[in-house]
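By written order: A, B, C, D, E and F. Residues from 1 in each chain.
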Amino acid sequence: MAHKFIGEIGPGESVDDIYMVREPILRSTTRGDLYIAMFLSDRSGQLNGRMWQATEAVYKSLPKPGFVHIQGRSELYQNNLQIIINNISVVDASKVQLEDFLARTDKDTEQMFEEVKGIIGRIKQPQLKSLVGEFLADSELMEKFCNAPGGTKLHHSYLGGLLEHTCSMLRVAVAILPLYPKVQEDLVLAGIFLHDMGKTEELSYDMAFSYTDSGQLIGHIVQTLLMVNQKAEALAVKGTPVDKPILDALGHIILSHHGQYDFGSPKLPATPEAFIVYYIDDLDAKMNQVTAAIDNELSDSNWTAWQNALQTRLYKKRIEEM
Amino acid sequence: MAHKFIGEIGPGESVDDIYMVREPILRSTTRGDLYIAMFLSDRSGQLNGRMWQATEAVYKSLPKPGFVHIQGRSELYQNNLQIIINNISVVDASKVQLEDFLARTDKDTEQMFEEVKGIIGRIKQPQLKSLVGEFLADSELMEKFCNAPGGTKLHHSYLGGLLEHTCSMLRVAVAILPLYPKVQEDLVLAGIFLHDMGKTEELSYDMAFSYTDSGQLIGHIVQTLLMVNQKAEALAVKGTPVDKPILDALGHIILSHHGQYDFGSPKLPATPEAFIVYYIDDLDAKMNQVTAAIDNELSDSNWTAWQNALQTRLYKKRIEEM
Amino acid sequence: MAHKFIGEIGPGESVDDIYMVREPILRSTTRGDLYIAMFLSDRSGQLNGRMWQATEAVYKSLPKPGFVHIQGRSELYQNNLQIIINNISVVDASKVQLEDFLARTDKDTEQMFEEVKGIIGRIKQPQLKSLVGEFLADSELMEKFCNAPGGTKLHHSYLGGLLEHTCSMLRVAVAILPLYPKVQEDLVLAGIFLHDMGKTEELSYDMAFSYTDSGQLIGHIVQTLLMVNQKAEALAVKGTPVDKPILDALGHIILSHHGQYDFGSPKLPATPEAFIVYYIDDLDAKMNQVTAAIDNELSDSNWTAWQNALQTRLYKKRIEEM
Amino acid sequence: MAHKFIGEIGPGESVDDIYMVREPILRSTTRGDLYIAMFLSDRSGQLNGRMWQATEAVYKSLPKPGFVHIQGRSELYQNNLQIIINNISVVDASKVQLEDFLARTDKDTEQMFEEVKGIIGRIKQPQLKSLVGEFLADSELMEKFCNAPGGTKLHHSYLGGLLEHTCSMLRVAVAILPLYPKVQEDLVLAGIFLHDMGKTEELSYDMAFSYTDSGQLIGHIVQTLLMVNQKAEALAVKGTPVDKPILDALGHIILSHHGQYDFGSPKLPATPEAFIVYYIDDLDAKMNQVTAAIDNELSDSNWTAWQNALQTRLYKKRIEEM
Amino acid sequence: MAHKFIGEIGPGESVDDIYMVREPILRSTTRGDLYIAMFLSDRSGQLNGRMWQATEAVYKSLPKPGFVHIQGRSELYQNNLQIIINNISVVDASKVQLEDFLARTDKDTEQMFEEVKGIIGRIKQPQLKSLVGEFLADSELMEKFCNAPGGTKLHHSYLGGLLEHTCSMLRVAVAILPLYPKVQEDLVLAGIFLHDMGKTEELSYDMAFSYTDSGQLIGHIVQTLLMVNQKAEALAVKGTPVDKPILDALGHIILSHHGQYDFGSPKLPATPEAFIVYYIDDLDAKMNQVTAAIDNELSDSNWTAWQNALQTRLYKKRIEEM
Amino acid sequence: MAHKFIGEIGPGESVDDIYMVREPILRSTTRGDLYIAMFLSDRSGQLNGRMWQATEAVYKSLPKPGFVHIQGRSELYQNNLQIIINNISVVDASKVQLEDFLARTDKDTEQMFEEVKGIIGRIKQPQLKSLVGEFLADSELMEKFCNAPGGTKLHHSYLGGLLEHTCSMLRVAVAILPLYPKVQEDLVLAGIFLHDMGKTEELSYDMAFSYTDSGQLIGHIVQTLLMVNQKAEALAVKGTPVDKPILDALGHIILSHHGQYDFGSPKLPATPEAFIVYYIDDLDAKMNQVTAAIDNELSDSNWTAWQNALQTRLYKKRIEEM
């Protein structure tokens, strides 16, 4: 049965579905009766929930945050919709359709992954080829790579966003590399495929888009480098080591791909390949961010709200409307 | 007869050719005889010149700087090569092959201009089409456009560099626009074609790459905008005006194409088209700058000299050498 | 009949006047009845408005935002004053006294404009004189110049503020130019008169102080330059062109008058005249901003609230109170 | 007898005058003979000096740096003028016309000081009046105030520059204060008179423009504040104390007059008076710096050399030349 | 009788104690009755207070802000606790235990002050010794020194914080000075003891932690320097002056101890002693700030909230929990 | 036989020793004879060398740069000392006393290493203890650790400098950790011991202090992290893995120890341990840099030359000289 989205609930409807619960609080009314206030949400929005005649036992059983099955009814209170809860029971995350709670790319994940594999299949240099092969052969990692978001807020912040961003960057590379023949294709393709791989460890996305402890302490840039070195180590054990200079040239692309110290790159680009990966990454991220901001703006104005990360509002009007 | 380049002159050779003279100074020897010291140069390098038994009349006749025909002989003095001048006469700039004195693109100018016209021929929006047409029809301007340098120092700093840079950017746009279907192609192509047009007024390149007075006071970004408005004015006079919103959307791309206030853009990008033009411009300029810096570095080191504008040295070693 | 200002309405009064309506929303009560919530404002403040027993037709008729004639009554609700609306009808902006809705300078506009004309009447250089004359002769533009605000927030943000600011700067110039005899008076006076002329196009002030589309895409600095070049073009057509170097020297003052790249100037001051116009502009703007902030602070404290643009609070105590 | 300036010495002239000696070095020729190399200078320039047949005793007697009486002869060596010294003897600084060695204002010091006294004579608030009076009564300090430079490099860097700068600022204040009637004149005039008084302690100018130890450790801004507090202390001892709030308001003007933390102000302007003093100071300093840079540029170019402190070259062409 | 802390009041309790009142406002109900709304607080928190049946006379008698004795009762209103006031009377600040309202160090003030005196007792240089002695002999100042907070927000922001911070810095100095034998101990110890002494004048802490007028206009860095110079002046009057170079070296440590212009230091560290005092100050402040932020974070998360001054969240998990 | 240092050679002495040769150039005299110009250096300085009657074969045999045995004679030429070379032969780097060519710490390396081992012997947490043990057991790495410089220019830029800096930091930690009891000693000690370990790979110091290719591409911060992860991997293979959270907490200290993005740290300090290691590192580096700059300044001035990295000159005068 299809999930009933928060954004679709009207006043006076009965509710019987799974939602995410956040910040439940046990309170007492002026008459001394206990009740639980909480937020209920899915990826379409959030409402207040109230469970009157609650007990401390029920309160303690609730995850903070987590998934719950709710039975109750919506009502208007001071012109705001809220849900009056009759029954609440905890639901295991494994029973939940994660897509109901977190946005997911509207593109076909499998197809994009096939395209990625096709493009990096062009790599000819044997050591880079086998290094990339080690990643492809790690099916657990590849599953994360296909499902992780590309970020928590600014761009590609939805399930599958990391893959979508990587795939889009590879397409750009294939399109423009012929125009810059001195740039070494193998390094660029391997660099793009791997550049954000550490986001599979940096980001957590089981209930919301956030950061893991390791992600906050180490960060995806360095986590990616560690993964590359572990795969290279594994190849060395197999008797097919990657030469240090090649590993360093690839590592440099990864470390410098944010292009500036202020954005967390410990090295500035110092090779043509590092420059082109940095520009393709920034271009693709900004095009996603800008078009998403314009698409998500619902007001009649010709301009979006202020975009702090871009230090401007964005103009929405198209030529055909001018 | 082919020009004898400064860089090809050895010690003890006779010299009979045109060079640029700079900073001539009239001095007297310890015995009281007058002589003229000067620098002689072409695009291959620079040498000291000495004309003994000079007169004040000869000194006064010399351009500061300008072109001169030299007859004389090279000799080593304190292990440095210098030219002892017997005869010197002023040469009009119109008689000179500018390419002997200023670097020129190694690509075919005509062919690139044809390609540019082909690509902007895709523009469909009638007003943008006619605006671009006004520029193409201005043959005096188009000749400057085909010959101007792209800058004085950092990137595309050679005759024809402006055309080469614009053409390369258009190629990139054609290659990647299909990947970002929400971006309006007409605006992007017109924006790229025109973005640096003002450099034809900002830069002077009759003897060396430098700035005009107008270029230093106003700058090519605003000069471009003025040119666009003049052409639009001309169209209005003809009865086919360009609507203000379209002119503003195009003008915004031009004003914001440096991407940051610090680089002289009075506006930050606020449309998808402005963002993509900014990224393509920066990418193409940096790829030219980076590969030129690597190509021009002659030392055995794996690294170029420090590149101040990039805040790093550049790594020259290629995978096949690793 | 004098407008009844929002700030003068007490509880339990009848209301029958024109106000600006913003963000009207159609809602339903818990019983299912429709009502409209909205904000009603004039330059003295803003109140909530509620129209019970509303219809969708009424809601759709309302401007968002715009002017409406309200009949109703004020009442206290949860200790906040609100207006209960019985009748609401749209009013055309042309029927409205704009001064009731937007702050206006407390100085005499006509007198200031006369003073401005008197001061720029000192300009002797024929081409600058005729260029300035073109502006004065454009009566439509001059009316905007006399009525536009000087900005939307920080300084001179009231109707007539642009004129007041320009006039004040001209007075300062007249007072100090004799102290700096090497500075060219004609350029300074013309530069000040014109420096913010583009704000007549950048700002919109028919209902509130905000930015036009063109203002956000191009900005008043470049808009001013375009206006100057259009007037110069008109003079050229008349056979009395302004020489390019003079136009560039004036244009440079306009482009650089914010003094820093970060504040949107695409060029830094490079002539004595550009420096003095920049300093006079900044001085006059800050003195207006600082004294307004002090005058508007009503608390007993010796200090105003934090002024973010100045990165400090301001000290209000005067010597005679010390 | 008038000093013979370095800049006026031609080849083959006899020299018999006082110059400043710097960096004398005792060397031996290839034959083992001792000689002394040194720089000789006055405010017009600098030449190499050589004393052949020197002794270690002569070398040791020389100041490093200091004044010496030279007898000798000029000659050309490798096309550079140098002075061959026959006799050298140390001269006490008290015997020297300091103006021959350090640039001095071309304005009349006495007259400017009278004007300063006239302007600050307008101060009416009794405590500020008596505080300023304490400074005027300190004749030793006032003599330094009339002779100190305004800085070591950028602006007013000549003897009498501090007075000239202060006087010029007071004139500007008198000219524009009527235009800003809410600004308290007494505080502004006292603030300007005192704002750089600490430069009399910060700068040393007995042989060259440089910094004292105390100047480098404490700086003129704080040194000025200490002087103000010492004078206030002296008034308190006399039974006519300056109230703390008045002292703080004046002190604040002094501390914040550089306008930015980066320029060594420990506080940002927070009163109208502090703002106006900051702007007048910056305006007057920059006008002096800009016009001096233009006047000192001797080349034919329309532009000065790059001015690092202004991040631009300066345009020299005037309207009448356009 | 112990103070009943705001944080300990439950619903439905009677209240009879002294609290701080802030922002009292006189309002009328919809029926036209007057009542007073206000905030009541102590160092444990803040609640809304309501006094129904109030009079204008009562309202006028209330301090804004200040201390009041409240009699009344707590109740829940819309799930928030508020206090219904029956009686309110003003209390003089001298009758109040300041510790009930402002946080105080949990360390023993007397013991810390003894330790401070012990450590600065090591100073051997006679002039520094007597200068420090002047401060110790100023018992009024020393009492303030022992009670003042170390700041208003970021670190050591509690009564006694200045002493705690100074004492802690002296301990660090004693611990590490033996490791840097070229650093002059006497200057470091005197510098640390005095470095923030001006906070006794900059900060006000009679009811809340805030800034005095003098503190905002002058700042503790310069206020400290003025105090040092006053004490030196007093010594000079007694016939035991402190030499200028010693005073300057000490003053330099004080002026530069924030280490950067942006943090209000008018001079950058230029002696080994200035560097070490700057580092010890920054280290001790940050360790206090970081551990306090971690201790004050009550959530279950492994991370504190975002710390704006540190541009990061802080990780709370300890090794033994890993 | 002791090396004859460049700095000790006088004119007219015979020379027979090993020096470093740099930038040899083959030139011809005006008569057409070949000669070789080169620089000869050791850690005491550098001189010009000239080998007349050279052959192309000799020139080609010379390292660029490298070590050579020189036989010849010193002479004065235009008052500069140079060496006339009769015989030159290449010397293998293994035959050379590196200390003659590169500065070395004046402290006892063995003793410092013992002290380091003693201090990190305090670590109790078993996993950190075994991780540190892996490093100590890697004798090849430890030898590099004891000999590497601490940097190429600013601080501890001499052989053994890395060890000296690490040892000094550990001493500071031991001295101050008792003052900050909430800080976890084990993490701090392990963090300091390892923080710059990657400099053994980043820096090359066989003939001069410079960077390896890997050092420039990856940098010591990330290189250190890779080493830590390799040692942890080795422990995991042995069956005694280090838990991920512990590895991350240690890794975070390493990544953030430069304290700012601008200095190449990809993460800002987010734990008390990361803060204290950052401060101790910065303090120890600056104290070394400041005292070295003062010690190396030979002029009579009270001030060193301008220190660009510190943005100030340094004051050399000590209290006892005041």
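Note that in this section contacts are C-beta pairs under 8 Å (C-beta built on N, C-alpha and C of every residue); 3 or more make two chains touch, one makes a residue touch a chain.
Please read these numbers as outputs of a predicted model, since none were measured by experiment.
The chains touching chain A as well as chain F are B, E. The chains that touch both chain C and chain E are A, D. For the pair chain B and chain D, the fraction of shared interface numbers is less than half, so the two copies use mostly different residues to meet.
Centres computed as Cα averages put chain A at a distance of 43 Å from chain C. Multi-chain contact residues, meaning those touching two or more other chains, occur in chain B at positions 213, 216-217, 245, 249, 252, 270, 313, 315, 317. If you check each pair of chains against the touch rule, the ones that pass are A-B, A-C, A-E, A-F, B-C, B-D, B-F, C-D, C-E, D-E, D-F, E-F.
Within the complex, the chain C residues that touch chain D are 125, 128, 168, 171-172, 175-176, 179-180, 182-184, 186-187, 243, 245-246, 249, 252, 268-272, 275-276, 279, 282-283, 286-287, 290-291, 294, 310-315, 317-319, 322. Chain E meets chain D in the complex at residues 213-214, 216-219, 221-222, 225-226, 229-230, 233, 244-245, 248-249, 251-252, 255, 261-267, 270.
Looking at the complex, you find that chain B touches chain D at residues 27-30, 64, 213, 216-217.
Contact residues on chain A toward chain C in their complex (touch as defined above): 11, 75-76, 79, 300, 302-303, 313, 315, 317.
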